[in-house]
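The next block holds one structure in the form of structure tokens; read it before the comments.
Chains: A, B, C, D and E, in written order; residue numbering restarts at 1 for each.
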Amino acid sequence: MSLTQTPPMPTRDISLEGRGEPIGDKIFRWLLLTALLLSMLFLVVLISFLVIKGWSRLDSRIWTNMPNPRRPQLAGAQSAIMGTIWVVGTTAIISIPTGIAAAIYLEEYADRTKRFNQLIEVSIQNLAAVPSIIFGILGLAFIARRLGLGFTVITAALTLSLLILPTVIIATREALRAVPQSIRFGSLALGATQWQTIWKQVLPAAIPGIATGQILALSRAIGEAAPLLLLGGLTFVTTNPTGLDSAYTVLPIQIYNWISLPKEEYQILAAATIVFLLILLLAMNAVAIFIRNRYQKRL
Amino acid sequence: GSSASTTDGGTAPSASGPALSGAVRVDGSSTVAPMSEIAAQLFQEAQTGVQVTVGTSGTGGGFEKFCAGETDINDASRAIKDEEAAACEAKGITYEEFTIALDALTVVVNKENTWAKCLTVEQLAKIWAPDSTVNNWNQVDPTFPDEKLVLFGPGTDSGTFDYFTAEINGEEGASRTDFSPSENDNITVQGVEGSKGGMGYFGFSYFEENAEKLTALEVDGGAGCVAPSVETAQDGTYTPLSRPLFIYPSGTAIQQAQVLGFVEYYITNNAQIAEEALFIPLNDEQEAALQAKFTAFQAANA
Amino acid sequence: MSEQTTRIPKPAGAMTDTPETPSGADQPLVAPRPTLSEQADRVAHFQPIIDVRGLHVFYGDFDAVRDVDMSFGKNQITAMIGPSGCGKSTVLRCFNRTNDLVAGARVEGKITYHSQDLYGPEVDPIEVRRRIGMVFQKPNPFPKSIYDNIAYGPRVNKMKVDNMDDLVQEALERAALWGEVKDQLKKSALALSGGQQQRLCIARCIAVKPEVILMDEPCASLDPLATAKIEDLMQELARDYTIIIVTHNMQQAARVSDRTSFFTAELDEHDIRFGRLIESDLTSRIFTNPSDQRTEDYISGRFG
Amino acid sequence: MSLTQTPPMPTRDISLEGRGEPIGDKIFRWLLLTALLLSMLFLVVLISFLVIKGWSRLDSRIWTNMPNPRRPQLAGAQSAIMGTIWVVGTTAIISIPTGIAAAIYLEEYADRTKRFNQLIEVSIQNLAAVPSIIFGILGLAFIARRLGLGFTVITAALTLSLLILPTVIIATREALRAVPQSIRFGSLALGATQWQTIWKQVLPAAIPGIATGQILALSRAIGEAAPLLLLGGLTFVTTNPTGLDSAYTVLPIQIYNWISLPKEEYQILAAATIVFLLILLLAMNAVAIFIRNRYQKRL
Amino acid sequence: MSEQTTRIPKPAGAMTDTPETPSGADQPLVAPRPTLSEQADRVAHFQPIIDVRGLHVFYGDFDAVRDVDMSFGKNQITAMIGPSGCGKSTVLRCFNRTNDLVAGARVEGKITYHSQDLYGPEVDPIEVRRRIGMVFQKPNPFPKSIYDNIAYGPRVNKMKVDNMDDLVQEALERAALWGEVKDQLKKSALALSGGQQQRLCIARCIAVKPEVILMDEPCASLDPLATAKIEDLMQELARDYTIIIVTHNMQQAARVSDRTSFFTAELDEHDIRFGRLIESDLTSRIFTNPSDQRTEDYISGRFG
């Protein structure tokens, strides 16, 4: 076959209809769509089941009342809601700045050809894979016991921070890496320092990706029950936390407890509280999406 | 891989009868689980064709599955509740309650605590009451020194918590909440060990295992101070904190040979199993009642 | 220098005022080109292959290019020139439906290819792009080896290829890149210089043998030698292919093209800048005797 | 100030030493490094504590022996190891293809201006935030009970799949979005179909990012204990799973169980098993990194 | 056309054979340029500002550019020409230490700026880049508004600016972009066409008033009118600034530069292509009477 000798297309065959989208492609496209719809459907069915079950109990009692082991109709999750806010809020304050800072250092400053930095890189990857229950065990041994912080909000927050830190770092790095190199070059060539380049060009451009990562990491923290079971996150707390040294419980543990009680009313209360928790998460996400859109518009 | 070896420690009592096969599903209380696990292991050594699994969904969570027909035997650290019984009935699940061992809830204090040897139930109730303001040992008894009282206890999900609060404070779940609770009794061990004014409570096995680290208090239930021990639990003098532990085999499941075989083995060898799991075996009277009850149950579900 | 043969000038009438030969250089300049008669032939036999009527292109609500009417002759080379931002790339992208892929872009008006509506409902854009290839302004090699970059097109089009190695070599030779990369065909295309990358993209396009080739400033990142080779290649390709080239280099337009279309950007009544076509004509006429004053202003502003 | 009139630099001031890196920048850089090192240090200390504690018990017994409630020195975690492999392997088989397929559809085919697709997009974001314990509750109600799959490997795997699906989808989409648009254009302009473009250009270029996402998602699955506690993750099984309908336990649950037994030997065994689990995760990561490097080299 | 004034030719000796004026066009061509005496002055007073000795640039193990010796005169415009892949961009990047940022790149040899070693241990690369600005081959506007793109440099350098709006306007005017964007300064720079983006990058560079400006094919994506404006701008800037420009357009090199350096790519004994400098000289001499045969081959191959 020669490029010069053969005319590229016989002139008579000028139909543009082609064979349409090849049948294989079409099948694949439908498979993809099916995968998407199926997984969505499954999830939506599950969630709506909960909403239906819990709807009748979804009222202000959830956030105005305290847990009540004897009278389900008077029970609420106020202490768990406040506990979740305290614990996850503190976790966010600790882990987000630390994680973003570490990611910036690794992505923008560290010389990746150095052994030390490669080691750190691999460590973070591996730490992201450490099961949450192990963080619970460690938090118990060190933070609660050795540091003597006891079964308090701060112990829980420190443990959750360590737990989500690798995720925060990895997600932030991905977002930073997605910022084109030419933007860094452009900024540095104008005599900006590296810090200025990061702060004024790279970070603003990376904000959407970073925000997504933080949402995922924090929502993981909100949902964690296993390590907190070891760290004193229990179900029968009838006072709200008043500080970092308070006892606490969190929503997933409260729900878990209700689910295993025999009375049907507690099952319904659990469903209602789950719906409440989901609404809380939804609101958080909405805020994050709002921030993201604001930043993107500024471009 | 096989782990079943009897080279050290006691040998497994052999199970009689023909070779069995199939699955036996046990779930329920995590307190009772160690005994069921030991029973399961010993039984499987004799009956290699049977697969016994033990879960720890908690007494309540276990009953939920049990009454849905999803398990064959439920471990329980308390008697079945009316709602749970109703659920079983609705599903047509019959069962029998067998007391297979005793436990003595043990109140422990730090080794350096030389002042407290014995507390009355009233004193304990004063300490653990839901509205308690006792924060110092000298509030418990004026003769006690000025030492901060640091409280540890089990998680509020546990049968231990339910039983202790019911017996000491008169209502299940009624307890002060400003103590360090843990689902893991080893944490309570470490906590009391680490603070001079510490106090906590848990099952007898945790005390036995850590006897050199902690001191167990005697309890005065109205008839004088009694220390927790195998004997005082068996003869009923350690009151009100000694309690029975149960298994609930399903009448339907027992009709399967391997389930029957396992329950029979469990009940026949309950004393050895309880000892190995660091629980307190039944006294002779209870033992006889157990065997009689089992024979009747077996006959009813033949 | 000694290898290069005499350059054959363009038809006399067409090119009289283009400074093909610098006054001080008495040497022949570029590689062989099609014979005079061939090029004259192409100009003489105008056979429309792509025809545009009332074309508007929108980006969202912004009517970026307005009311374009033009025709492209089969086996001719047509140049599109005009100031930056006048919509040359935008219009070019309509011809192989690449605008379908640009978010927010929308095409109105009628574009026919062999008298078939390119935007007709039964038309398969894949088929369109298979026949109407494109070389982009920014080199966009695939992150694969040089070899795989070339072989990709024939493979996805399931072309019958006797010897892929030969095809790759030929495509690279014709894009004037073979000499530089022949020993490193397995090397990543991303390691090439910008100019090398662009020649690779041209080679990649040639390898699938389209009927029409769209080129958006293909030589912007090429050095003069490579540019000359590409320009010669275009002449050669014009035997079998129709070529539409967007260029900022008016000398290039004058040298290589048979016809030239001049676009410009103007302000509408709402002070919005939009692109429009001023005139399309034989290249010789556009560069000597344009019918529109704006064309003359633009041409004479730099041409030479 | 005028650009034309002022000479840009007085000729005498030609020192290139400048003020060096501004002091503020330097502080920030050190803060970043401190954040990184502190978090690393904390984690490393915690892990090494476990290694020291479990080292003496870290031998073949862990994978050759079954749990033994009577003799800790004979106990092992074989059934938990095999259970983890079965459950997480099945989860991977279900969720990775489904998640990648859904992500490809959303990123490459879906018209993002359509309401329906925007809705799906937001749903996925929100589903990623649903706590794992809620998936456990739903898995119990629907998969174990309503679908009648019981407390088996397949129930656990389906539940974990639903749990990690949003994460898989989001991570895959990020990776796809990072592939430059010009590569898609280049491929389509050669007459490749969209499917060919995706399969031969976009996916290979996105593999590193996708692999990272899958590792994170699967490692999350391996560490999940809370939902499996509800789904029949047992504490005492002495046989390995033989099929999707087998009873099972997983490593985190086995560890959790040992941690709460009174005998000190079980604590040590738990530490050793944690170390084993970490080594397993490390090996998984190593494989993923290897695959990633292979793909990147092929460029 | 009427706005444009007569183009002042280059010194007679320098440019005799460049076809500045097309034979058919009797019109003046470009905007005002510095006077003859000014340019002659620049050529006459060669005062080295950057001096390169024994420069090698490595990418990993690959010695891409070898043994380059050259000098750049203060307030002169120096062009770097040569075929694609010969290392022009690579060398240019050394002068403001942009190669520090390229993974794997390593510089050997000595480069001095005002007699200070640019790679000396005490040298702050930030300070270097503040004084030696750069315009890249691919336009790289920041994903910000047009206004913020310009204002960014002065802000990060903490320049004293009386009125930022004026500075922005002036920079845009001098980059020949003001007219097109003056009503949409808040618009994202990414929405501009390629040519507009590049002019924005030039404006951005001018706004920080560097001493030296490096340009890597700055006009590759510009149309001729914008190119002419930029070339004029360069002449004007040469009063205060030193300019080094990489270009593929030899006419551009001839038109704008005072000195020209010719690079080429050759094979070493291991058949590895590497870049080297052939000669550096007055532009007039390079284009009329180069001392090296290779230069002559390259120049005459296309020049005109």
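We adopt the following convention: contacts are C-beta pairs under 8 Å (C-beta built on N, C-alpha and C of every residue); 3 or more make two chains touch, one makes a residue touch a chain.
Quick caveat: nothing in here was measured; it's all calculated off a predicted structure.
Common neighbours of chain D and chain E under the contact definition above: A, C.
Centroid analysis (C-alpha atoms only) places B farthest from chain C. Ranked by the number of C-beta pairs in contact, the top chain pair here is A-D. Centroids built from CA atoms put chain C at 49 Å from chain A.
Computed centre separation for the pair chain B/chain C is 86 angstrom, with centres defined by C-alpha atoms. Chain A and chain B have centres, each the mean of its CA atoms, that are 40 Å apart.
Within chain D, residues 21, 193-194, 196, 230, 259 each touch two or more of the remaining chains.
Of all residues in chain B, those that touch two or more other chains are 57, 61, 183-184. Contacts with at least two other chains are made by residues 126-127, 130-131, 138, 210 of chain C. Residues of chain B touching chain A in their complex: 57-58, 60-61, 63-64, 81, 83-84, 87, 155-157, 172-173, 175, 177-178, 180-184, 187, 190, 194. Those residues of chain D lying in contact with chain C across their complex are 180, 182-194, 196, 200-201, 204-205, 298-299. Those residues of chain A that touch chain D in the shared complex are 21-22, 24-25, 28-29, 31-33, 35-36, 38-40, 42-47, 49-50, 97-99, 101-102, 104-106, 109, 120, 122-134, 137-138, 141-142, 162, 165, 167, 169-170, 174, 177-178, 193-196, 209, 212, 215-216, 219-220, 222-226, 230, 251-252, 255-256, 259, 270, 274, 277-278, 281-282, 284-285, 289.
Per the touch definition, chain D reaches chain B in the complex via residues 63-71, 74-76, 78, 145, 150-151, 229-230, 232-239, 247, 257, 259-264, 267.
Taken in their complex, chain E has these residues touching chain A: 96, 98, 101, 103, 126-127, 129-131, 133-134, 136, 138, 140-144, 152-153, 156-157, 188, 190, 201, 204-205, 208, 210.
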